[in-house]
Amino acid sequence: MSDPALVPIDSMMIPRFSQPATFFRTPWLEPTADVDIALIGVPFDFQSNRAGARHGPAQIREMSRLVRRFNANGGESPFDICTVADLGDAPVIPIDITRSVQLIIQFVRSLSERGLTTVSAGGDHGVTYPVLKGLAPKEPVGMVHFDAHVDTYHDAWGDLYNHGTLLRRCVEEGLIDPRRTVSVGIRGSRFTLDDRDYHRDNGMRLISFDEFEELGRAKVIEEIRRVVGDGPTYVTFDIDALDAGYCMGTGSPEPGGMTMRDAQVVLRGLAGLDIIAGDVCEVSPPLDPTNHTALNGANIMFELLCLVAPGVAKRKMAQGAMADAAK
Amino acid sequence: MSDPALVPIDSMMIPRFSQPATFFRTPWLEPTADVDIALIGVPFDFQSNRAGARHGPAQIREMSRLVRRFNANGGESPFDICTVADLGDAPVIPIDITRSVQLIIQFVRSLSERGLTTVSAGGDHGVTYPVLKGLAPKEPVGMVHFDAHVDTYHDAWGDLYNHGTLLRRCVEEGLIDPRRTVSVGIRGSRFTLDDRDYHRDNGMRLISFDEFEELGRAKVIEEIRRVVGDGPTYVTFDIDALDAGYCMGTGSPEPGGMTMRDAQVVLRGLAGLDIIAGDVCEVSPPLDPTNHTALNGANIMFELLCLVAPGVAKRKMAQGAMADAAK
Amino acid sequence: MSDPALVPIDSMMIPRFSQPATFFRTPWLEPTADVDIALIGVPFDFQSNRAGARHGPAQIREMSRLVRRFNANGGESPFDICTVADLGDAPVIPIDITRSVQLIIQFVRSLSERGLTTVSAGGDHGVTYPVLKGLAPKEPVGMVHFDAHVDTYHDAWGDLYNHGTLLRRCVEEGLIDPRRTVSVGIRGSRFTLDDRDYHRDNGMRLISFDEFEELGRAKVIEEIRRVVGDGPTYVTFDIDALDAGYCMGTGSPEPGGMTMRDAQVVLRGLAGLDIIAGDVCEVSPPLDPTNHTALNGANIMFELLCLVAPGVAKRKMAQGAMADAAK
Amino acid sequence: MSDPALVPIDSMMIPRFSQPATFFRTPWLEPTADVDIALIGVPFDFQSNRAGARHGPAQIREMSRLVRRFNANGGESPFDICTVADLGDAPVIPIDITRSVQLIIQFVRSLSERGLTTVSAGGDHGVTYPVLKGLAPKEPVGMVHFDAHVDTYHDAWGDLYNHGTLLRRCVEEGLIDPRRTVSVGIRGSRFTLDDRDYHRDNGMRLISFDEFEELGRAKVIEEIRRVVGDGPTYVTFDIDALDAGYCMGTGSPEPGGMTMRDAQVVLRGLAGLDIIAGDVCEVSPPLDPTNHTALNGANIMFELLCLVAPGVAKRKMAQGAMADAAK
Amino acid sequence: MSDPALVPIDSMMIPRFSQPATFFRTPWLEPTADVDIALIGVPFDFQSNRAGARHGPAQIREMSRLVRRFNANGGESPFDICTVADLGDAPVIPIDITRSVQLIIQFVRSLSERGLTTVSAGGDHGVTYPVLKGLAPKEPVGMVHFDAHVDTYHDAWGDLYNHGTLLRRCVEEGLIDPRRTVSVGIRGSRFTLDDRDYHRDNGMRLISFDEFEELGRAKVIEEIRRVVGDGPTYVTFDIDALDAGYCMGTGSPEPGGMTMRDAQVVLRGLAGLDIIAGDVCEVSPPLDPTNHTALNGANIMFELLCLVAPGVAKRKMAQGAMADAAK
Amino acid sequence: MSDPALVPIDSMMIPRFSQPATFFRTPWLEPTADVDIALIGVPFDFQSNRAGARHGPAQIREMSRLVRRFNANGGESPFDICTVADLGDAPVIPIDITRSVQLIIQFVRSLSERGLTTVSAGGDHGVTYPVLKGLAPKEPVGMVHFDAHVDTYHDAWGDLYNHGTLLRRCVEEGLIDPRRTVSVGIRGSRFTLDDRDYHRDNGMRLISFDEFEELGRAKVIEEIRRVVGDGPTYVTFDIDALDAGYCMGTGSPEPGGMTMRDAQVVLRGLAGLDIIAGDVCEVSPPLDPTNHTALNGANIMFELLCLVAPGVAKRKMAQGAMADAAK
């Protein structure tokens, strides 16, 4: 049972437009707070294209007012089985990539060392690397990677850390197990024809959007589950995995991708996997005056929370049982 | 044959951007005008969430300039078989829910007592109740209810009449027959897990969007037709039944719902039922700078008109025949 | 000296786009917190015209990220001489004016009874009445009222409490002293020619925008100071006192009014008066996709804070001296 | 005393967002209606630059909901001394300039022949010529011309009728008396250095914005009054006479011009002149998502109506007296 | 092998937001340049409805920064097998349809006479006729016509050349072979019920969106290939073939049409046909503040380029072989 | 006499919406082109606040279509006395400040070494330093600095080069002479009270906006002229020197500043000074859907060009005379 003080604001009592905006109206607490799941923002652009993802966390918070306590497909509310709070944003220095990467790693590590896990909102896709590094998994984890682009470039202009290289960095540093990694929704025009080689050469599974449609959602889900298996797995969702019609507020919108329905169905299909943490990235509010992208970002983030919470609850219960047994 | 004076402005003669905006460019007449079908606005928000549905009728009128005389799927134009005019907006007192509900009821009743029926544009979804009450059906009617949300709350903050309670009020007051009622497209995160109980307990059919997809459009149409049967039926369309990508200009947009194509196909599939009246609600123009939502609202309203007109024409013809026989 | 924990987030350390948005990046505390000045939102529309002021507090918080610690014209920072925090929003029931008015009164009274004063953000202009009533001044206070409209109607549709009647209610209930009240910037087309009679009949000073220009800012300041004198005074700023070019995001924008520079100069000219509290109202974010109106609202709110803080600090010091003397 | 049926909708009874939008909420009547002043739209672009002025009348109608019955500076309401109605839009053929010019002339002539005058909303500035020609003044009239540009080109691409040539056409065809014509607010970068020669060579007065500021509003008013004298005068207001900050929704916005306050003061300063008709042009709504430009257009149009109505009323009274005397 | 000087700017070296915008960042050359494929704009509206398509080329250029060198489905880059450049816009006289049609014809003819073909961006759909006429095919070509509307009206207001008549003009003047013409995606409400007769009477294939869905994409592709066969074929894409959700920035948006994914899949399915040239029309940027429509327009234009380039390359090679043989 | 090939596109022949957008429609040439004045973009954000200035050059080019050949206040056109072209953007590496600063310096130096000077468009205000360094003045130049903020911080987060430190860097590196430097329009809330000390301690003149108003424009001009004297002078214009109402599309908009008219008058008042180069910075298009800010940016850039051109022409003539004499 969660601490009553740690539940989201009840929108049936306090209207949704009221009070400062936090993720899903959860309490905004110090990073040292004792909760199970930390909702955090990582407001950083590595910025090689259209600007603005650093403003993502603020607007996702704003639009998350519209998300309610229970997922559409039923089941327990994450807020009923875990304590969940908005622990604010990771510190960043907007003009310094190197130091920002370190600061983000340290911030997340300070959480993970205390036993918390994270569901985070970027920032551009470069933030997945320091977040995952901060989580400091004991062994390489599986990864489900939703994206229009492969994100496996070696570098951009000689810099290793940015929004197009994150996946390669995660492999190189042993954060993810390439054989338990699957990229979903890849499409869009390409800089080079060999941009998918890194996946192939490293045993990473790539489900292009062409294949996504051929397989259909059910088989895509099956395939993702097969690839990542039972081990601990991280889910990262670049909002541009969606068709541009669902994410004009992003740096590199690509027509011809997933609908939000596709995303919801596939994410819900991952229930039961050992999803340890997740993020949604590349929401750039200045580029979308309708806030549609941030609304979708908030809903994706909620799906991620619904995937992460049951495992956290289970581990807590197991630890409780062990603690009880130890008495 | 309709009165020539009562046809919409001919967009092949007078460009669509010209003249004041009325619903589908029909003449704007006094509420006492002698027509078959009254197109009316009901510019009222009960406003428990994001603002602006009171501006819906004005912007739906504006975007309805783009709708032409015949439905895409052919058949007679509603304007050829009925007289149709814009009878303006129901009176409301924006700061007084109780009196506004009464004013709307009276306004619609003054029409229905003269034999007119309505196709209306909200306002938020709370206006369906007074409109239907004003239509004063002799017995409970069937209802086809498109929506993301169940709208069967008992109250909000103790108030019985608002945009989340309308369906329950309609049942309680005998305006609709719950066993001939079907809600289509329900989805979105939920305040409570038992929010679908009222449907179940009262024998109302609920087709969630999950079920919608499983069944496919053809079977959804069949199922709706089975539920409402041959009796008189009202169709209410909350614009948020559509995926948020089609209705950012609404109070509670939910990703993952129907496309406009889904809506058109299903609505057209209801042809031949005894649809006595209809409404489209929850279009909030200030929240959508592209006017996409109002465009969709105007098109839905036109589909409703195309569903209502044939029955009206048939009844007129029957009355004419009876009158002739009586001579 | 203020409690270090109660200072705003330092934008030179933590970038302005980071962290949840509160008023001027002050800490968000419970309404029971022990501070000197409560920054609060009052997210309520009485809504007789264009929608959306209920969303004002959220967007003013967002844009207040851009305001820094010191006023442009120098002097001490309000955050250095008082403890200031964001105590969240007054509770409201969006569909119930009567109860909302009571809830706002109670909320503010719970603050004023503990010795706090408020600088608040509406909501539409109807919220000034319950805020002032909640402050419960011991005797009628002076009022400086910036507005395009007189706001002295008796009622709207028979309802006494709304955005056009507030000033009359404040007079009738003895909250303000009409002879120490001055309305500044009145202009705009008028419903009736006698709409300025209430001012005249009750001895309230009205400086139309025509007179504002004739006098010039310096004399306007003098005249305001003359009218309100040395007694305790409340400042209410309807954002539509500004020319429409500075506030398209408001319900009733009127061309031909004050610039933001005018507003800043006049407000700064009130320094030294006994300004006990203040509010800025009628910012409606959905109507302004550029957020210019909310930016101006945030800056006005900061000017009000700079007017209120010195008096609060002085009274604290005096109480401290008395307490010391009593030892 | 005006016919009660011909007054605008009372916004104190029927909220401003309700009912189809007409100019100032006046009744929408057939062009054959018997009123004193016809408010008309002329939805035509001659289109040599940025698009959209053809949508001006629709959006000016929409924003004119916010204008009330009496001018800010007091005096009788135009609606109390004249009958005023929205007689719809002049017919145009959007793809045919020559025929459109003829259609507009005929439309206005059909009004002027019945004794009506017009206050009209463009369309781009090319429509002033056919409107004035339709009014068929018995002798060349004076003209007050607010604009950033001189509009005296001979032709554009060989075509004589467009938004940059209107003033020359009016002179050439004897519609206006160049010696009683004054252009106010001219500025902006220039295609040629001799673009002001036509004014000089024809004895037309040109008050550049530089001179406007040097003189100050009061002297500008004096000078306009001196130039046009007591004779019948037409006022045309190109919205780009205003600084671009007041009219981003126009084809050729120019920074550094009049504020709306300047416009209001100068227009009000023309009271008492024999203003026989007027127009506001170049409002292009698609270019201004905030609707600021259309709001300003509606307010300018109201000022024009307030200038035209007293003369109309006076002539009516004189005719009534003559008719009485003749009995 | 293409001339190195003629490749697009490399976005991996020079960021995409840098440098003036040309189509796909290709060099902007004089119309006399010696390249294989001319990317051109045709900035002309025939304007019978909502304004702004004349601004299409500029904004499509801007959004085409986001398109990369290779199509998502792999294969050679058009820039590697042909020389491709932005040859600027066809000359037009915005106020003169007749002369503009001639100017566009001459401009394209000056290219086709030198052996260049075009991939062009409108302008409204009326520009397809002069472009095709300028290409001066030796015999009537096949046409694949994506559109919501039939575009086979005889005239509008007596004018033969505009955005609703182009297809009929192309048939009448022997530019296209009606038996090798197929219109795809037709839907939307209709002015008349017989608007599809011209297709039937002239042996043109019409695949309504209803049929599109029944057939499914694969069969639609088959059917298009069957109709146009092996002969030279022109592809014209009216952006309103897409569902309004993908093209709010167009004159006549219609809900219920193709997604961008549909468009991409069907266009890619035409590979191998003898596509000699193509255009995308009706992108109207002022109507879409998110630029989603222009982004889609740029992506469609790229698909067209990918269809046109292989045939051009093949013909070049064949000519080269012949030239070599002739040595 | 300028090379006919180097004049801007003639908007009286080729409509302004046509052709790719370059600065003032001048030809886009290689950086090695032989012209007098290089119009360049510097698309770089140092980004410590709201995002997007890197998109400034593209949108300023777009809006500069609306600027004509001659300044409003008459005199020769810069295009008639100098050769002026758009030489594209300085190279930058968006994720690397240090290297970008070097690249910009080298790019500008490659121009200045060939005798060209620049009028440039940022980018945020940090780009002024490398541009000026690239111009490599032989001795410290005077500077006229329009801004809301002092821009004399020592560093931000330890980094020396960014949009708040540029002025200090320019002083430290001897690029500008502090005693010939004047900052105009300083205002806005402040991080620290001593933020104006650097100016005072280094003998730089600071005209706050308060002083600006006290002096009036004429005296401000006098004072600027007095400070910078006859020596070579650089003008840098941070767009936020303008009131926020004129520049919502900027990172740190501040209400209460100069109007565009103020800016135009003061800039024109600098005619005759030895203005060697200039820039306009901090236009961030994603933050301003109306493009008002970019329009103002384009007009400011034109004023700068009009200030720079006469001196360049004079030096050319002098060199020509010397060359002639040497023969």
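Side notes on the structure shown:
Per-chain numbering from 1; labels A, B, C, D, E and F assigned in written order.
Please note the rule applied: a residue touches a chain if its C-beta (ideal position, glycine included) is under 8 Å from a C-beta of that chain, and two chains touch if they have at least 3 such contacts.
The model shown is predicted, which means the values in this text are computed figures rather than measured ones.
Residues touching across the subunit C and subunit F pair largely diverge in numbering: under half of the numbers involved belong to both copies. One simple way to say how far apart two chains are is to compare their mean CA positions; for subunit B and subunit C this gives 42 Å. Mean C-alpha positions place subunit B and subunit F at a centre distance of 57 Å. Residues of subunit E found to touch two or more other chains are 15, 17, 48-50, 54-55, 93-94, 156, 245, 287, 289-290. An unclassified topology is adopted by the chain contact network, corresponding to no line, ring, star or complete arrangement. Contact annotation for chain pairs lists A-B, A-C, A-E, A-F, B-C, B-D, B-E, C-D, C-F, D-E, D-F, E-F, with touch applied as defined.
Those residues of subunit C that touch subunit D in the shared complex are 48-50, 156, 187-193, 208-210, 213, 243-245, 248-249, 252-257, 287-290. Subunit C makes touch with subunit B in their complex at residues 45-52, 54-55, 93-97, 99, 156-159, 162, 284, 286-287, 289. Residues 14-15, 17-22, 28, 41, 43, 54-55, 57-58, 61-62, 86, 88-89, 91-92, 94, 289 of subunit B are the ones that touch subunit D when the two sit in their complex. Those residues of subunit D that touch subunit C in the complex are listed here as 11-12, 15-17, 66-74, 77, 245-246, 259-261, 264, 289-292, 295-296, 299, 302.
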